């Protein structure tokens, strides 16, 4: 019934399967290099952040949005919905329950999209390395563009992280969305291994 | 102005509770959060609305569950003090104090007087810091964008002071079992006073811009009324209870550290709705500023800041159990510690006030409110989800 | 609604003309506060690789790894902490516990990378930009997690002690021992310094856990004479102790003594068990000093039949005849020897090899021979007048005291030397009521004697004249002996070398004393080996040539103790004895020697 | 505590102890617990419930439940403890006394597997989602082993024990004597 191009969405109840899109994510091919360069320049200068405080890291994001650090001047702004956001900030540790929502939010974001991992927890589990409820390595579940060390990273470090991300975007290396589409099966297998009650579409369009 | 509670009870109730038939077309189920700017922290509300009126609400938590209590059980006593402050991010010091005091009590350690003063100082500073953040959130939840800008900028000045004192902006890890880690830096008093004055100035602006604001008044007055008879039934503590006229404040009722040497009276009001609760907390911020000044005036010049525990790598604490609590910005915050005489705690239970405020209380108060006021209501209870799931 | 509610919010517009809060420069340039807990720095020179940081890290963020250019020495494990910033929470507990204060934190905080694999680094060894940061978190003076002070040891009142031979050091009580044991950080740096590589942290842990049976088992794994070593060991371990870098080292020797004193001798046997096989092989051990006894003990427990040949009337060697009773009570030594003979070791007293029996005979009638005859004779002062009647050697003096002979020292005594024998002789002389002065060539800090011994000797009224070189001995009036000595100055010998004493011309003095005791070293008479025809082994001066495992050039002959090693203390002899026992075991069972 | 002495005989309270002047602990039979709490709340002024929690003792096969109640009049907290079997793990619900009790009971059900029949929503998942292991707060559940198996830490870490390392460098040929008994 399902060919290679569609997703089975087995997690959904049968009567709901028709309600959701079952297409696989696709790799978007780059345009001519000068256009792509211009696009990347534009993307780098209007990073809109999904306002989802997934963990402790969120506490240092608020000052960024407000008067003292004011990242609006870099063309960045918090957005309440994934549809409008291009940057997902993972604020440190992710419990399995949150990871499920993060995946959903990430998949709902439009291409191109970028992920920044804040703090130790996204690299190797951080101080919750032995907790049964938090993941250790974010890069197993989502493509991460930039890591910022700290627990938590200060706003200044986060701003420096944004600079690094912009550089990566302008260099054309920030291909997380494409990487996710290319290695979709690997990511999905990793995700499903720990999210045992997968009751959403395989890809949240 | 009609308080919301005067609206007719809808939907119809039977002995078994509300009659909510989702297929009837009268109701819509909405998920608010966890990815939603209108919820505090990472939690979610399962809301059922009819029109724009909330007819049922269920709180869902667990998105921030890191199993602190489990992790503490497999860490040495000293190893947990960096862990506990992560339970409540905006106000870590209460956790540090609660944990350290519980360990000290069972270990029979008496902390030096100066350490007690320094601990009180950080507790009050973090209270002010936490309230600043909350006040921004409260105003923001009602659509007032300017006040969060002011509050968070001034909170940041407080964080600068914390950084100077403890070496950390957000997680101070300053209060350790046995005392505190360092003395006040040189010139700290002056810089602290500067910041306090700045905060006082911005607070006078906030008073005009928030408490005399027609929008805020219109939306907050009568929202989420807590009556006096609900207090014990729901286990309501802190400003939420004080706003209803119950003068309960652990700092006064069961003084810890050096609170008995400071002069203050619990702030109370007589009608606990979102507006009054905001006002009570605002007065407590003023009170905190006053307390910080009292502490800075009374803090001993010299003296030990730390009592060395036995070698912390194999520090065994005599078997026993205790419960130590402190008044956080949200109310009674406690640590229940059970030691079985080994180098590892048998059990640590963290009691956070949000446990009741954000679950049973919110579920009750949300009924018959307007969906647009839900964020405002939630913030007015001052809840932090990590206290619930830990 | 009041009119004010509509107007008041706008009043804050007055702030519109004020300076904005926003910092206009890129904020990443703002340095962290002076105490900021930023990235780790580690002084590679100061760090000793004890691993306390790894032990306390609740995040499992620290690994101890080898670093190029850092050598493993007796006081430095050669390992350095590598920190995983995928784990660290910047709590700085590692800084607080650091035994050397080498670990600290800078106030740098920006480290960004696209590759998650890079966030691991050896602090202070990878040339990070923050390595030399002056600012950042340091442990403050008023706060520490380690106890720098040793639990004080109870001593006999020196005024009372100096009148008798009762034991001076009283030993720890159970509480004091547990308290002292708690100071240990379990790093294990000390093990390498101990010649017998005793498992020090483990028996200290057993004290903490109050499990003395386990502690005894651990002791006897490497040392059959713990009561002796618990009293008179030269305790090289304590000089390697990580706690000793900033404070007093853990009192390892006294803790060992506590274990063995707190346990009844019969419980030791019970703890260790007595079941071992019988190999039917026989081994002769020459000399019942610590080396011989240790070898005999382990051989017996390996199932061999051991006979020890001892020229004196009692076993113990230098421990009995060279160490005064106030340091090593004879009954404790007897208990220890009794435990060794209980294992089936036979000791034949009054038999001198080379006189009563030849080495050849032994080699012929036993499957293997272990030589541990030690250094029983005193070295010569090589001064004129050494043969005067008022001059005797420290070894001889102590031995005669131990045998219970009556000795007349007179009212004043001069002791020449700075080692433990010199101190022992001086303190013993004090117990005979003599005014005693020690003459030593170098400074007090150069004295090879145990610093506690020097301290206690002074308490007992022994005077120490340092930088004094004896020139000659002469006969003086009223039967006294004149010690002519000259003042020395210390001449620097370059870095890492001990300064050399040089006589200052013209500054000579004469001390007229009743007795002069020389204690500048010991030597051995190895003629019984040289005379041997079939069992001869290599000799160099007063030393027998043997390898680390006690094997000599003769496959059947093994040797150890002072007669082999140059350390010359009891624990080294015990270690030699044990290693030789293993070699002998391997030899008698397989017939194969050195490969 | 005088109040407690009055209750002692009626509720067969054992093991009462003052930890501080303002904090006491008492132990009561599980069967009498709900009645005792009701009296404490309604008659004795212990109107505030701070928390309910459990302590696991796998060695003895029991859970200790602690109900912390507080009397604002006398500023006295009382920890009411009861010991129940770990195998049956069943306890009477007190949700009728305090509204928030049902949340605590729901948490205990999830984290320790202690059931409180009749407590509203006690079987609903509270914190965990899709959890398939044993109740995670039980002490025999090894969180570290679970984490390493499920979330596999980043490879490339290796550490050396200083004492083993020094032995390998300085005295590799030495082995202590182990008895072969």
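To keep things simple, chains are lettered A, B, C and D as they appear, and every chain counts its residues starting from 1.
Here is the rule we use: a contact is a pair of C-beta atoms (placed from the backbone, for glycine too) under 8 Å apart; a residue touches a chain by one contact, two chains touch by 3 or more.
As the structure is a prediction and not an experimental result, all values here were calculated from the model.
Visitor: By that same contact rule, can you tell me which chains touch subunit B and subunit C alike?
Guide: Both-contact set = A, D.
Visitor: Taking each chain's centre as its mean C-alpha position, how far apart are subunit B and subunit D in Å?
Guide: 24
Visitor: Quick check: how many Å separate the C-alpha centres of subunit A and subunit C?
Guide: Centre separation, subunit A to subunit C: 59 Å.
Visitor: If you average the CA atoms of subunit A and of subunit D, how many Å lie between those two points?
Guide: Spacing between the chain centres: roughly 38 Å.
Visitor: Just curious, how far off is subunit D from subunit C if you go by their C-alpha centres, in Å?
Guide: One centre to the other, that is 47 Å.
Visitor: Specify, in ascending order, the residues of subunit C that touch 2 or more different other chains.
Guide: 21, 32, 58, 84, 86, 89-90, 116
Visitor: Which residue numbers or ranges of subunit B touch two or more of the other chains?
Guide: 62, 65, 67, 70-71, 74, 82-83, 149, 153, 171
Visitor: Return the residues of subunit A touching two or more other chains; collapse runs of consecutive numbers into ranges.
Guide: In subunit A, 67-69, 97, 123-125, 127, 129-134, 137, 151, 154 touch at least two other chains.
Visitor: Chain adjacency by touch: line, ring, star, complete or other shape?
Guide: It is complete, because no pair of chains fails to touch.
Visitor: Considering the complex alone, what residue numbers of subunit C touch subunit D?
Guide: Within the complex, subunit C touches subunit D at residues 49-51, 54, 62-66, 72, 74, 77-79, 84, 86, 116-117, 120, 187-189, 191-192, 197, 199, 201, 220-222, 272-273, 275-276, 298, 301, 548-549, 578-579, 582.
Visitor: Spell out the residues on subunit B that touch subunit A in their complex, using ranges where they run on.
Guide: Contacts found on subunit B: 34-37, 41-42, 62-67, 70-71, 74, 82-83, 86, 89-90, 133, 136, 148-150, 152-153, 155-156, 169-171.
Visitor: Which residues of subunit A touch subunit B in the complex?
Guide: Subunit A reaches subunit B through residues 50-56, 58-60, 62-63, 66-69, 78, 80, 82, 93, 95, 97-98, 101, 105, 127-128, 130-134, 151-152, 154.
Visitor: Taking the complex as given, what residues does subunit C use to touch subunit A?
Guide: 20-23, 26-30, 32, 58-61, 84-90, 109-116, 119
Visitor: Within their complex, state which residues of subunit D touch subunit B.
Guide: It is residues 19-20, 22-23, 25, 47-51, 53, 55-56, 66, 68, 72, 75, 77, 79, 98-100, 102-104, 125-129, 136-137, 139, 143-144 of subunit D that touch subunit B.
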